[in-house]
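Two complexes are shown next, each including subunit A; its partner changes from subunit B in the first to subunit C in the second.
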Partner chain A sequence: MITWLRRNLFRTWWDSIMTVVFGYVGLWVIWTVIEFVFVTGRWEIIQVNLKLLLVGRFPDELMWLVGASLTALAFWVAAVAGGSKIDLNNVQTIPQRLFDYTRRFGLIVALAALLIFLAADIAALLLAFQVLGAVVVGRLVGLARRKVSVLGAIPSIIWHPMLGSPAIALVLVTLMESTLEEWGGFLINFYMAIISIVLCFPLGVLLALGRRSSFPIIRLVTTTYIELIRGAPLFVLLLLAGVALEFFIPPSIAPDAIFRGVTVFTLFTAAYLAEIVRGGLQSIPKGQTEAGKALGLSTTKITYLITMPQALRNVIPAQIGQFISLFKDTTLAGAALNILDVLNVGTAITKQQDFLGQGLIYEALAFVALLFWVGSYVMSRESQRLEKRLGVGVR
Partner chain B sequence: MSSLPSAPAKVPIWRDVRVLRWLFQIAVLAVVGLIIYWIWGNYQTNIERSSVQTDLRFLDNPASFTIPGNDFDQSSPVRAAFVQGFLNTIQVALVGIFFATILGTIVGIARLSKNLVVKTIAAAYVEVIRNLPLLLLLTFMNLAVVLQTFPRIEDAWKPLDLFVISNRGLAIPWFEGSAGQLSLLVLAGIVLAVIVVRLERARADKVGRPSRALLLGTLALAIVPVVGWITLGYTWTLPFVDGRGTSGGLRLDPSFFALIVALVVYTSSHIAEIVRGSILAVPRGQGEAADALALSNSQKMRIIILPQAFRVAMPALGNQYLNLIKNSSLGATISYFELTQIAQITVGNGSPAVPAFTLTLLVYLAISLFTSLFVNYFNRRLALVER
Partner chain C sequence: MKKATLFVSALAVGALVLSGCAADDSSESTATTTTNNNSSSTTETAVETVSMLEAVQAAGTVRCGTRDALPGFAVLDESGEHVGFDSDFCRVIAAAVLGDASAVDMVDLETADRFTALQNGSIDVLVRNTTWTATRDGSEAATFLQPTFYDGQGMMVASDSGYSSINQMNGAVVCVAKGTTTEGNAALESSRLGLGWEVRAFDEVDLILEAFLAGQCDGWSSDVSQLTGLRSAYPDGAAALTILPEVFSKEPLGPAVLDGDTHWAQVVNWAILATIQAEEFGITSANVDSIRSSTTDVGILRFLGADVPTSDGSAVLDPGLGLPTDFAYQVVKQVGNYGEIFARHLSPLGLERGVNSLWTDGGLMYAPPYR
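Coming up: the complex of A and B.
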């Protein structure tokens, strides 16, 4: 014990000073946070406005759409995760696996529990169980694909869209079913991010292929696009889309603010994704392509069957990092396009009649921060775990 | 003897790979051209219908708004407003990059500390900040810290009587005198510092003693401006509360303060991860060799590890600098008068949106390109010279 203390905390006199000073600061921060959460914080502002913060003024009779799309999404994600060969959990015992799941998803479950507790609504609890059920079913479907050869024979390019399309369709219907005046809250951030991720992925892969192509004109076009987008701030692009989009397309088909945001996020993230995928393609040894050629495969087949799968797998962590930053950047749409996203709702509720001028901005922003933090943190932990599993940088 | 099959007849033109390749490219080019043509056609019809300007003449119109913190007045042209916005963006970028690099490096090193407390706090800092949206941090700094927690000017905080902190901004001690002479003196200091460092390195190499280039260089850098300042008869002033504002010192706009703090905190959490990764990327043998030479911990870090780590980190750091510059456009959401805010206001005042925002985008593009050139130059300087 004494040795441990000496080794970790009081190695030298300088070390001891650091330990005392930073230990004091750390304890002070922890104490302040605990005091804020349990004593001084006035959380009724969150409790009263919980629905506004999460879904805005979404019409009650359409709430089933939100539940259905969330369930379909959970099913899809679980099926993808369960079907991937890199998941090699089989060796562990049951308690080990439980511990592992708790560490990975405990935060999400805790956040869900907190939201259900704040909502104090039986429907929220039912939705949670519905989503949990979808996760279990999705995982079984994913497993089945690995174990049952008939399912395994379905090529990925058909399998993934087949599982994902119901989720995407439901999310799109949810986004379109209500007008912008009724929309708002965290769900808008979440769904804008989901749709943009799904749309920007194929575009980014195509751009990466274009940039590595042997056709000079295609290389020129894609490189120009990627570099122009990467040199521009997202916020200015969103502002431009907000005020100037109707100049560039016929006004009759100009979309509403949410889809303007989705368009900009897609085009923007695709350029960054293209650079990530290009890095992945560059990391594939030349021998892989040459082996493909020796087998007499066409260039398309070499790309689709040999280089692209390896390239995409190698850069999964970087891709997830880009998607996390897209998820966080959806708040910019609120500021640039006047969408009532969760951050705008969070600052607006402090100006309500009941809460005006009482300095509740800390409570509101803390809640918004919690939503984003749990989402991003769990995703980034998962990506670190994948990185270890894939052995990126080890081989 | 039977004739060998003759050399294949000329490949028909529709199966000639060279022809097909160019046909394909021309087709793609045609599609891109058509899209651009369609967009351009829409643009032409739409501006004709709504009869808005398309050129940059709006830059000569009076701006009819004011920028706090300088002598820009309402009758100045929009052009001058854009220049001022550009200067403000550059100012935020330079100050932000400077502090973010320092803070990020410290946190990155702290994450690898052997001290459990220091390590844990650094890790918590990185993990908490990195996973929050920048706009949330900015809103927090602006609404919660500056506008709500900072006191009103009547009962401003005055730590050590050096600073004045209130919701009207932050005032810090500052030099008094012409900025031109100050920059000249600083320039002279830099030149002297470079010479001193060169000489000291050469001397140390010759004598075979550890060089004190860092110490002497810093001294040279500091002495010239200070001595010059005193001989020129200038002083420095402390800020004090003066009625409804502050006098003396340098006053920082509250929005500038909020923007800088948010950008520095956010970017430093990313830089810390880069620095940590780069330090880990330095081969273990280097640190062990330093231990074997009985270098102290700080010497080991300063002379052996960090120079090699920064060589690895430079490209990623450059990306973070570019991100910081582009993220400074968020200053518009808290009314800091940088480029984006200027564009937004003039468009609100009736300037045509497309030329104004295109101009803004081009300026950001130019800044980005310039920064990447700079980073690439440094990268080449730092790169390992291979035989």
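Coming up: the complex of A and C.
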């Protein structure tokens, strides 16, 4: 221990000074944070406005739909994860697995526990158990597909939509039952990010292929699109969509602010994603395409079976980085499109009569930051896992 | 052969991408062209025949441009409802036009977007703590109506600072919120009096508070209504702060509608005026029913849209504004009179009526006769 300290922290007098100074600064930062969270912070502003921060003005009588969508989504994800084959070279002991689970889900569970504690509401606790139950059932269903041959015989193309359909149906029902203007809070950031990510991915891949196409017009069109979108700041595009659109389209038929936000995010991220994917495609040696041709495969098949899977695998970190950035950029939509997103709620609640002028903006912003941090961290964690599974950087 | 296949498949992929783009492009361009025609035709017809009033009645809701974070005037409560002085005047307009104070669509606007929203027709009326100025009347295509609140910019200092007038504040550091007229007014006043203030602008009120508590600001300048609210919530108690007597700008805050629709402007104006007239009559949301059934005062009966005895039977006054004849009754019954709205939202901040008293009490609130 002492040898370790001497070797790593106090090797020279210069190292000793650095260790002491940075140790002091580090402790001071940790102490300040602990003091803020447990002593000086006045968290009742979050407690009182919890619903507003999480779902905005979403009507109470439709809240069960949000809970049901969440449960169905959890079931779907668990079933897909449970159905995938475990890497046989990597059998783990039980403590190892527990450690792995804590690392992966501990943060989400902790956040859920915090929210339930803040809500101090039996319904929130019930929802948590409901989601937990859905995860367990989903896992078992996924396992059953691997073990029971009848279920295993169902082709993936039917199996996955079948499991996912309740979640998608519930999300669609929620969208139709409530007016979008009532949506707000973190819910809106979450949904905007998820929908934009799902939509921009195929568009980005197509754009990347278009830019490498041997057909000049396609190259020209896609390159122009990519460079134009990448050349404009996201905030400007959002402002254009939010403010300028109605000068061209009558307000009666103009799309909803949230719809505009999703459109801009999709188009914007697709342009960046296209360049990321193109980078991935360029990393594939030409010999692979040539080998495909030698086997008599069509260009579509070569792209679909050989180059694209490897290209996408190689650029996972950059892709996830882009998605995380998109997730956080959804707060810009709040500022540009007057959507009542979580950041807008966070600043608005400090102006309430009970909390006005008491410096509670820090508490509000800290809570908003926590929500985004947990979301982003989980995304990057899972991407690392995916990389490990696919053996990126090993082969 | 191989080359041909390659070319064909490239063509296929290309066509796919191209058709995606082309579909996007064409739909967008057609949308723009058709809507260009549309919007120009609708604005023309709006000017000539269709008033915003009919559009609002057809839609069944008033789209009211407001905000979500101005203490006393419009804030979000825990359930996300808009609460405040401005929000209540949105409800007043809805109660008058549609007979239902809850038929309001509150549209939160950033300060920079508010006139744009009015111009492009995404709101029907702007009730967002907006100062009536000549430039806004002239260049922002806005028509300002009866002010609901006469405000003015003032200065707040620590009580133990020794300042009792802004004239003593030589070379002081004055902290303001960024983005509104406040910043410019402070600089203007400083140069007018030759005081050499250093004006420091902050994004958030809470940040000014932090700076003020840390002693970085000698004075805190904002509209007096805002200063009063902040003072009442000051961590060290309201007595630790003093608002100096000088008010160095005029800020008449009132609703605004789009230029060129006199009919709608009159309707909104009379909805606001009804709250002032009701207070002058002494009619409140609590006693409006009993007054309506028992009074013999012809003026009050007319105002509330009740039967007024005439030489040949009785009649209800319809001044021809396009409003329901009982609009004033609905306004007072569902929202309240001016004094009630003021007492509900601004008195808790510690604001006095001051110039916002009725003219009968020496203030500026005066409604033209309803007859």
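Here is the rule we go by: the second predicted complex is superposed on the first by the 310 of 395 C-alpha atoms of A that agree within 3 Å, B and C clash if a C-alpha of one lies under 4 Å from a C-alpha of the other, contacts with A are read in each partner's own complex, and residues count from 1 in each chain.
The rule is simple: a contact is a pair of C-beta atoms (placed from the backbone, for glycine too) under 8 Å apart; a residue touches a chain by one contact, two chains touch by 3 or more.
Please read all numbers here as calculations on a predicted model, not as lab measurements.
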Subunit C versus subunit B on the shared subunit A, clash or fit after superposition: clash
First (subunit B), second (subunit C), both or neither touched by A:V243: both
A:F215 touches, of subunit B and subunit C: first, second, both or neither? both
A:I361 touches, of subunit B and subunit C: first, second, both or neither? both
Which superposed partner A:K51 touches (first subunit B, second subunit C, both, neither): second
Which superposed partner A:I253 touches (first subunit B, second subunit C, both, neither): second
Touched partner set for A:F129, first subunit B, second subunit C, both or neither: neither
Which of subunit B and subunit C A:W13 touches, first, second, both or neither: neither
Partner chain in contact with A:Q352 - subunit B first, subunit C second, else both or neither: second
Partner chain(s) touched by A:A335 [first = subunit B, second = subunit C, both, neither]: both
Location of subunit B clashes with subunit C - one stretch out of 221-229, 239-247, 275-283 or 365-373: 239-247
Subunit B and subunit C contact sites that coincide on subunit A, given as residue numbers: 215, 217-218, 221, 243, 246-251, 335, 347, 359, 361-362
In the complex, subunit B residues that touch subunit A: 21, 24-26, 28-29, 32, 39, 42-43, 46-47, 114-118, 120-121, 127-128, 130-136, 139-140, 143-144, 148, 326-327, 329-330, 332-333, 340, 343-344, 347, 353-354, 357-358, 360-361, 364-365, 368-369
Residues of subunit C that touch subunit A when the two form their complex: 2, 5-7, 9-14, 16-18, 20-21, 31-32, 35-36, 38-39, 42, 68-72, 75-81, 105, 107-110, 113, 116-117, 119-122, 204-207, 209-210, 213, 229-230, 233-235, 348
Of all residues in subunit A, those that touch subunit B in their complex: 7-9, 11, 15, 18-19, 22-23, 25-26, 215-218, 221, 228, 230-237, 239-240, 243-244, 246-251, 324, 328-329, 331-332, 334-335, 343, 347, 359, 361-362, 365, 368-369, 372-373, 376-377, 380
Of all residues in subunit A, those that touch subunit C in their complex: 48-49, 51-52, 56-57, 181, 184, 203, 206-207, 209-210, 213-215, 217-218, 221-222, 225, 242-243, 246-251, 253-254, 293, 298-300, 303, 335, 338, 340, 344-345, 347-353, 356-362
